[in-house]
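Next come two complexes, and both contain subunit A; in the first it sits with subunit B, in the second with subunit C.
Here is the complex of A and B:
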């Protein structure tokens, strides 16, 4: 009798727990200041509005391989995943992400412009809802570069004017383009040149000229640390990281926006969710990518909102109170000379060029 | 279980049972059953009980170790995707002579169109593109782009296909594209293993990768060489420490032991990051050396982002794995032997080298195996402090697992690494003898 009661009670509890779990969703992102900005701008208002409890998982760096493993195991535990655009393209190619109908499943702009037009050219994959525009760009130590601070990308390759170490990312993307640009290739011909074996060798030859002065980084936090320690005089990283070194930590560092490499970060919904979970994920996405929400995120981190209609709404930093617009990679003063990451090219050539790049690094 | 028990009951007329009968009939246990049967039943029950006790561990090892490793080994040769996605095309490709230099005929293009329409509906064509792109650059976007246009084709109505498909993308009119698909259409492939040793599968058989893409053999050699150096420096640094610990009074030894164990209990990442602070050019070590005037300010030592960094940090991290087995072996060495040797006129050095050291070798052996095998698979420390010349093969495996998604190649690299460890273990057993290894 007693046993039956315990059994029934625990079953009831399990059902109750199940019911609670139904009001939960797991959102995967990059962690750190970035996840915090999403929590403030998206998760908290959404939870307040709907009562859905949001669990953060800082696994975006391994999102592609983990989603593939989850899919093979037939048990997808994530509801919404934050990934960079190139990863979204891979996930879409692998059938691991849901395709989105942008016009019906995303909010239109306040003036009625359709989501598709509002995001415009930033919709680079059928599965990917862009959230921010960020850039990989250079920062330099104002006290270690002499009297004439660097103004253009090719100063990175100029060891005579700016002797000292510089940090570059330990992958070919970005570095190859900058090298060719500074080797005299016109900007609109860079990917044509980079398609050929000779072009790749040419880029590596240019990088060879500074190879001994380079510290290669693989985590976004490396360059800010190296700059703060004075280990390098200049280095590339994500612009939001440099913002926090300059404005939040007051280090003697300044931005070199020239030839910054634009990239996108945004959401995907994993394939293989139950109808109920998928509907909730779509509801969240509809809320979190509307014009106001995207503008809100820029209060907490210096990444540009992906919607054209959000840009005028960007205001001041939530804690520092400074104007955020001049710190955005998309600000006209900063965006005089930019690259947009060529997704198509790198989807094809990444493995090939990476093998060459790594072999070159090991030499 | 039932199956194992049953023979006991049915075996009564068996020759085996009869053989232990004597003239006076079988020897009987207290309950009247033949003694032999009673004994074997008791033993069997004991064995079952023992098996039940280890069952959780056995199942755990099976599920979390044997099965994943088995599936990893299989991934390194498995290549179903081409034949599964393009079944009709693969059949047609077998009829096509790849050496002829001529394009395949209409039958193949028709088969390809019907395969692709099905694959596009199932969204399999982009996966195939990713797979083939590992072998030939450009095929990923070819499949993705063509997919958008080919889904409008109707395999029943739109014949002939050859021109239409070549019009969609001229790469379909390139013999090389079809040669690549044909080469990689086998279900069990050696392609990944060839890639893992800087070679590739071609229609003409295995060939070396172009020189500027050869990297993996170098990394294997470097991983082995540096792991040996790390093991060596662990022996040199660990031996005296273990000796002191083993020869001090227990109370002092225990306090010092904490110093050995403390880093052992600290997170790997914290220790590695701490080394970064110590070793960098503006770091603690360089600052002290410059302050002491031993190093000029403009020629600070490069201790990090190279092999030196990896060796220093990994030696520190793996040192406890060397000290602990050495210490427990040295504790069992009785001091009398050395005293006896000295009393018979041996110098300190002779007594140590001829009497003490040989007895401590099993500890060195155990420590070396532990450190070497751990070092060979290290990933995070080389990634953080190794720069470009101090990274290991495992960093490349990680890249293929998480970035390029080329799990087949990652599996092949992992399999080779596993084989290398097993061969070295075998060689060690032959030379030193695994019986001479003691953990305590």
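Here is the complex of A and C:
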């Protein structure tokens, strides 16, 4: 009898939980400090304004494969997805993301500039609404690199001056470019060299010289943890993660602004939503990508807003009160030697070079 | 027996090498942690041998030797490791003193049978050391996360402040994060909704299946059994992929044709998937208890006019209850710990605790995960203790002595 009561109670509970959450949408993002900044800058004001309950899903890392599976099963549970530009291009090509009319479906700038002009060259795909610009760059332990801290990217490959472990991302993108750059290839010729099989071998040969000292990472949280532990003396990760390690966690870490990989991140709306859900997703996007909202996000994390009109509105950190502009990848002092990451190249060559890189890793 | 056991002082030729080995072993750990294992071995061995020589040939007073040993090691600990070093040193000092006298006075023979050969005595203690090492091996990974969950920083790192036992290095902020953060609270609530319902379903179905399969007249018993327990044997990732497509169709049908709420359908999908995973455990444990069940009892009940349902609840169920409960516990834990299937079948509104821990580990290595782990370990211990106490109580009530 007791069992029956428990069963009835728990069923009622499940019904109640189902009834409460009527108006809700699932937003997919990267988790960690980044999701938190979106929650503060976009989700909370939007929920307050419309009453829509927003549920976070930290699944952006496998967004492409999950969207494919959901599409195949006819069961798309996501409403808005945060992806990097290259993933957005792939999803758009495969028809898994909705195309957006930038001028009618996005807010214009306060001075009346159309959204298309405001985002400018950052609109790399018809489905992709840019949100932030970020960089993949190196952080180093100030107490473990000796008296002359590293100042340029090639110090990563210099085992004599900086002995110790370094962490690199477990994929060819970024690593191959840096390797060629430090092997003497001019910056504007890198993608030409990387097109050829010899060029790829040359990059791998350069990486070979430090392979024994590399710890490979796959999640954005890895390098901050390794740096905090002192397990590596330097490592690559996203500049916002390093900002958090340095300014918010007060670790003895500093940032290397040289040949950092400049990249974009933004929203897509999955294809195959019902009209009602699609309308709500578009309403959210209109709200979350306007000039003020994009500038607000920079109060919580050091990623640059994607709209030109947002840049002057970037102010101080919400809790620490420090000026955010000098920590942005778009700041002139940091952007002196930015490396422009080539989407088209990687869209064409990614599969081949990936296979080669993985084979090299296993050797 | 004790009177027959020969307790006598042992020669230095036995005591010194043995204590040296023990000191060397402890020194190996300390030395490795400080950079040089070999140094640690040599220093540890020399230190303990020196202590043994002094105690046995010079001091000859055990009480005094104990305090000297503790004091010396505590001072050494302080020099090398500060405040925590004192505590560790004092423990080592007491251990060395105890070990030296335990060997020298021949106390290790006191509780053993008098006719054991030295080789058997050696094996007796080696066996215990091996068992102890296995316990350490099993428990340390769980224990080591507990202090880390009180870390004042946001990393999985023992900070210098923590090692100095400085209160500054500790904080409850990760526990506060767990209790105030919406994501953690929602996933905790989801786990508490999904796991009990899935358990009730698996226990009901699994018990019925086990009883049915224990009847003699059921054909193809082995084949049916194999199919029912297959979710336990098939790799989880394969079940999960299949379930994803299967439950997507069912979910679409429930939402489209029956017009049910999307969130509710999501819960139904995850609960059903978890119930499927739990059923094999219930079947196996209940089948095992049914082996000892005397079927003439059900016939006797029928003879006295009870219908099959009454017979089940009044006669059969109380007798097989231990099997049902332990099967239910397994089913509960399976659902409560499960991450692969829920990642496939569930959507973000059904995010369970393991899911949140999984993404938390991947995207943001935050000690909140450790705080949650610590809370879960404490809850598990409390649950197991309660179950064990209830079992003993019922045994006492039935007049049996606890075993």
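Going forward, the second predicted complex is superposed on the first by the 341 of 363 C-alpha atoms of A that agree within 3 Å, B and C clash if a C-alpha of one lies under 4 Å from a C-alpha of the other, contacts with A are read in each partner's own complex, and residues count from 1 in each chain.
Simple rule for what comes next: a contact is a pair of C-beta atoms (placed from the backbone, for glycine too) under 8 Å apart; a residue touches a chain by one contact, two chains touch by 3 or more.
Given the structure is predicted, the values throughout are model-derived calculations rather than measurements.
*Asks:* Could you figure out whether subunit B or subunit C reaches more residues of subunit A?
*Replies:* C
*Asks:* Going by the contact rule set out at the top, does A:121 touch subunit B (first), subunit C (second), both, or neither?
*Replies:* A:121 sits against neither subunit B nor subunit C.
*Asks:* Between subunit B and subunit C, whom does A:31 touch in the aligned arrangement: first, second, both, or neither?
*Replies:* second
*Asks:* In the superposed arrangement, does A:58 touch subunit B (first), subunit C (second), both or neither?
*Replies:* Only subunit C is touched by A:58; subunit B is not.
*Asks:* Is A:221 contacted by the first partner subunit B, the second partner subunit C, both or neither?
*Replies:* second
*Asks:* Tell me which partner A:333 touches in the superposition: subunit B (first), subunit C (second), both or neither.
*Replies:* neither
*Asks:* Answer with first, second, both or neither: which of subunit B and subunit C does A:74 touch in the superposed model?
*Replies:* Touch status of A:74: second partner only.
*Asks:* Go through the superposed model and pick first if A:229 touches only subunit B, second if only subunit C, both, or neither.
*Replies:* Both subunit B and subunit C are touched by A:229.
*Asks:* Once the complexes are superposed, what residues of subunit A are shared between the subunit B interface and the subunit C interface?
*Replies:* 61, 229
*Asks:* Please give the residue numbers of subunit A that touch subunit C in the complex, ascending.
*Replies:* Where subunit A meets subunit C, its residues are 3, 6-7, 10-11, 13-15, 17-19, 21-22, 24, 26, 28, 30-33, 35, 55-59, 61, 69, 72-75, 77-78, 219-222, 224-225, 228-229, 249.
*Asks:* Give the list of subunit C residues in touch with subunit A in this complex.
*Replies:* Touch list, subunit C to subunit A: 153-157, 183, 189, 193, 196-197, 200, 244-245, 248-249, 251-252, 261, 263-264, 266-268, 271, 347-349, 351, 359-360, 362-366.
*Asks:* Provide the residue numbers of subunit B that touch subunit A in the complex, in ascending order.
*Replies:* Listed in rising order, the residues of subunit B that touch subunit A are 123-124, 126-127, 129-130, 133-134, 137-141, 144, 209, 212-215, 218-219, 280-283, 305, 383, 387-389, 396, 399, 401-407.
*Asks:* So in the complex, the part of subunit A that touches subunit B is made up of which residues?
*Replies:* Those in contact with subunit B are residues 61-62, 64-65, 68, 90, 92-95, 165, 170, 201, 215-216, 218, 229-231, 344, 347-352, 354-356, 358-362.
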